[in-house]
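Sending over a structure as structure tokens; questions will come in a sec.
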């Protein structure tokens, strides 16, 4: 039994599992699930996106943001306002939301360049509150406490996507897929390595020639853009937004998902979101205690499993591309003398 | 190996958790009983605003209990289904789906905040589910659709009476407006301001807004005092009005204060003490009324829950009554018919005579109340 | 003009003169050592050389150009790389990833290349990975590339730090007590490896507090005590210098009292 | 009117200062932002209310609450933070843990006491005092006196007592302090006791002034107090007081000239500006980076 189980976890099966999960997600609505369950699935999807974004900043780069609801809000508001006032198509409005969220995060990141660790977190917290105050006070634009209503549903090629025709659900899947892919591409590159190096040891990263400030800003912008996209999708899905959705509690929920799932993992974001969004629905008797539970998650995870539920290290070997394997095989085990770097031509000669 | 086992256990644990969660979400559709009429209550039962949601629940359950004692409606037992929306739009949207998925439910009493109600109401409207919010105050709320009703005072009507209190009952004309920055507070302040500007006899000396979360009103008080206000119209709940009155009366004991029915709660007196003496407001529900119906309601409420019902709670109580009466009048649980009945109803409830106008706003009659010797008394 | 020249640099923290007018120079392909008792200011000198601290006075020239008061990144890209006294690896990354981070400085593809997985991206990734594997093989970690950095033994971690420093295309390696915590055999192996690096053309500056470690390897030794240079010269000269002996004895004595 | 508004701000600032002292105390020793301080403050106020409702009398209720809240502070350290120090967790782990604790306390209070605002007995109400057209309430004056007294006691404890010496040693170098035979965990736990006790005092005084308590009272006030502590130079006790006064006054003036809805934004903007321009605050000392 033990053996079968551990055999099932072998890396060669991973692709199969992932494919199975994706197929299940695609065919799920065809099973005739109630709209209520679909709604929950969509909310899980939105929070998985948000967690994915925060993960780039907090999980990989080690910068804890306590004000991420601000970018979620900016994406939602910009997109909703453009769609309601200028009748822009959802996808264009979303793009605008992403851009504005990115710009605002750039401004925040540039002003807080000098801050590290806890100080940075507190500054993001303050920023989140300031953005909420702006949403509340800038009435001519944001409509203040009255919020934005009648936000059009997303439509694709003239076809309106609703909950009933499963369009919203599939849009969520596509968005989550795109965001996951982008994160995957970024993490598996020098950018991703720079992020992780900064998290592991910022000073050592500087001595690797990594322009740490620049990469931290980049992480901020990527992270905020994703939150902006999620916000825009949320606004068009829910169709009414007001400042009360984007509070400190929302930021903490995002952070709890990242920490519970496992900072610096992909799987953790989906599972973390699924657990934290679905659990208050499933365990209604705990509803009054849900914030206590969020709090407990933060405390207990930090105490006993800071890497998160799914935060184990991969035991698979490092993936060398075919090209690399061939180059190395050609070389065989010949003796290598290291020579210092002298000029461009020799730089990458093996 | 141990590591692997740990990993497997984590996987299994997580899989179970997710399964349980999903089953939990899906599994409540359940028993379909023919002899039951369900009405849903949706509001914040937990969190910051739980006092209001719990008030809804209490009130509706009390009303349903009374009906069931009389044999239910259409010969069927009435059952209350309670949903906690945590005062969050995200939650409310999901709950709305859940409610419309249960064909036994004929109507919803809720939600509490306008913003939350308005996230849910498109779902109700599309699925022809009747929603009566006892509290929503957003001006656009009831125009979300013909199944969407509001059993709350219409701001303009209430504001007019508030001003009339200031002029005629209190004899003041230099008016200051204090409002909380919520959809209701901002709308109320805006409407009141327009009314004052339209009236030559009145003088708007200062207008202040505050955000909930701070209890310090000294800055606003100083501004009002300097502007020479002799009456302040406070568009806030009891939890704003009471501390504001306290802080203001320390500086100027002669100030007159006008509130709105939202602030009509025994907690106002509990929190405000002497400072709220003389605070006057328009109300549609008066717990000290000599009307025997109201007296028995207040008595039953106190008996059951240990405290006197507030105005908002009483509106929830009437909302349930209105819905049940409409079912009775329609003679069926067909929601379209019940909706039609709702537009025809003239309900004599504890919050006065109520009927809905064409967009589904309740039209109410108001009385005036003031605080005297630590109790609410009617102003004649 | 020397390859790397340090001209009477000083640094003080508040009232404490941590480094006081220290000068030294090193030619291409040399190994020099900076030794001194604990707390003498050796690591501070490294920190000044590599841009962690600004210098209060003096000058540092590398290949004829001043490099003092630059950011660490600029110092690295000019060809000077370092290791740390208390190992600072990226411990949750694999061995090969640690070295790949070292190649960061020489990886020239853009954000768009990353998203589109262009030829350029693939070329750099492949070349850098091969380079990283080669460095690791030559330093004797070729069979550990898949492991996580913190699963290595102490000695292997020190080697990995050097490999990572080499990967930045360094010409000058600053090694801060590379043999600390190693047993004699490990430390002898390491010194042998440092010699091969020198033979390959690297220029190396070592920091040690234990003089005996560097006696056989250094072309020149500089002795620092209380932030001041008290002696310099060939290993034998320094070992017999009475001031050095006094400083070491005094230093040891003081150290003993403190602990 | 400006003068009156400044005095309003000073009174408000005094309440922030009272809370800020607790942040500063813990940060000064541990370099940890104890985010749970705001909810511990709310806890202290609720405990007074609970003991009063048990008819123990106001003064004993206050003392019991101070004791109990101090114990809560110790409990937080013992159960959640000490293990993190032992494991040498990343610094941010402490912040996240205290955020978690703050959620637990605040929501437990909500479940046990209800979310609504509840009346709190007035502490020292002798009406208003008029000084040259400026009006100050006697409660504010009382608050100010107690704050200064509290600050004096804290300063005395830190500068003149043996445990204070140990605390100062710890704030310089934990390892060295440990080597010198200081019982680090005891000193830290004592610091948390002081922090909790000061939160209870702040909770009592401020609730006594506004005569209101509710579970979320510590959130916004806590954030502003934190701004105040940072502004004054976190870790510096008198800095916390001056920071509190500055935040209070700027908030009051913002309310006066920009409108009441901008006051919160202003104190957060002050926070960010201070963090960015002078992270060590007005009275803080700069540290040396160690490699």
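Order of writing sets the chain letters: A, B, C and D. Residues in each chain are counted from 1.
In this text, a residue touches a chain if its C-beta (ideal position, glycine included) is under 8 Å from a C-beta of that chain, and two chains touch if they have at least 3 such contacts.
Owing to the predicted nature of the structure, the values given are computational and were not obtained by experimental measurement.
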item	value
Set of chains adjacent to chain B and to chain D	A
Minimum number of chain-to-chain contact steps, chain B to chain C	2
Centrality ranking, top chain (CA atoms only)	A
Chain whose Cα centroid lies at the greatest distance from that of chain B	C
Selected interface, A-D versus A-C, where C-beta contact pairs are more numerous	A-C
Centroid distance [mean C-alpha coordinates] between chain B and chain A, Å	37
Cα-centroid distance, chain C relative to chain D, in whole angstrom	46
Residue list for chain B, restricted to those that touch at least two other chains	46-47, 50, 181, 211
Two or more partner chains touched - positions in chain C	52, 84
Per-residue multi-chain contacts in chain A, two or more chains	133, 136-137, 203, 288, 291
Touching residues on chain C, where the partner in the complex is chain A	50, 52, 71-73, 76-77, 79, 81-82, 84, 88-94, 96-97, 100-107, 109, 111, 114-115, 117, 121-122, 124-131, 133-135, 137-138, 145-146, 148, 164-166, 168-171, 196-197, 199-203
Touching residues on chain B, where the partner in the complex is chain D	46-51, 181, 208-211, 213-216, 218-220, 222-223, 226, 239, 242-243, 246, 250-251, 267, 270-271, 273
Chain A residues touching chain D - in the complex, by the definition given at the top	62, 64, 66, 111-112, 114-115, 117-119, 121-123, 125-127, 129-130, 133-134, 136-137, 203, 248, 252, 255, 259, 288-289, 291-292, 294-299, 302-303, 306
Complex contact set, residues of chain D against chain B	1, 4-5, 8-9, 11-12, 110-111, 114-119, 127-128, 135, 137, 210-212, 214, 216-217, 219-221, 251-252, 255-256, 259-261, 263-264
Chain B - residues contacting chain A, complex	1, 3-8, 10-11, 13-14, 17-18, 20-26, 29, 45-47, 50, 84, 86-90, 93-94, 97-98, 100-101, 113, 115-116, 118-119, 122, 138-140, 181-183, 185-187, 211
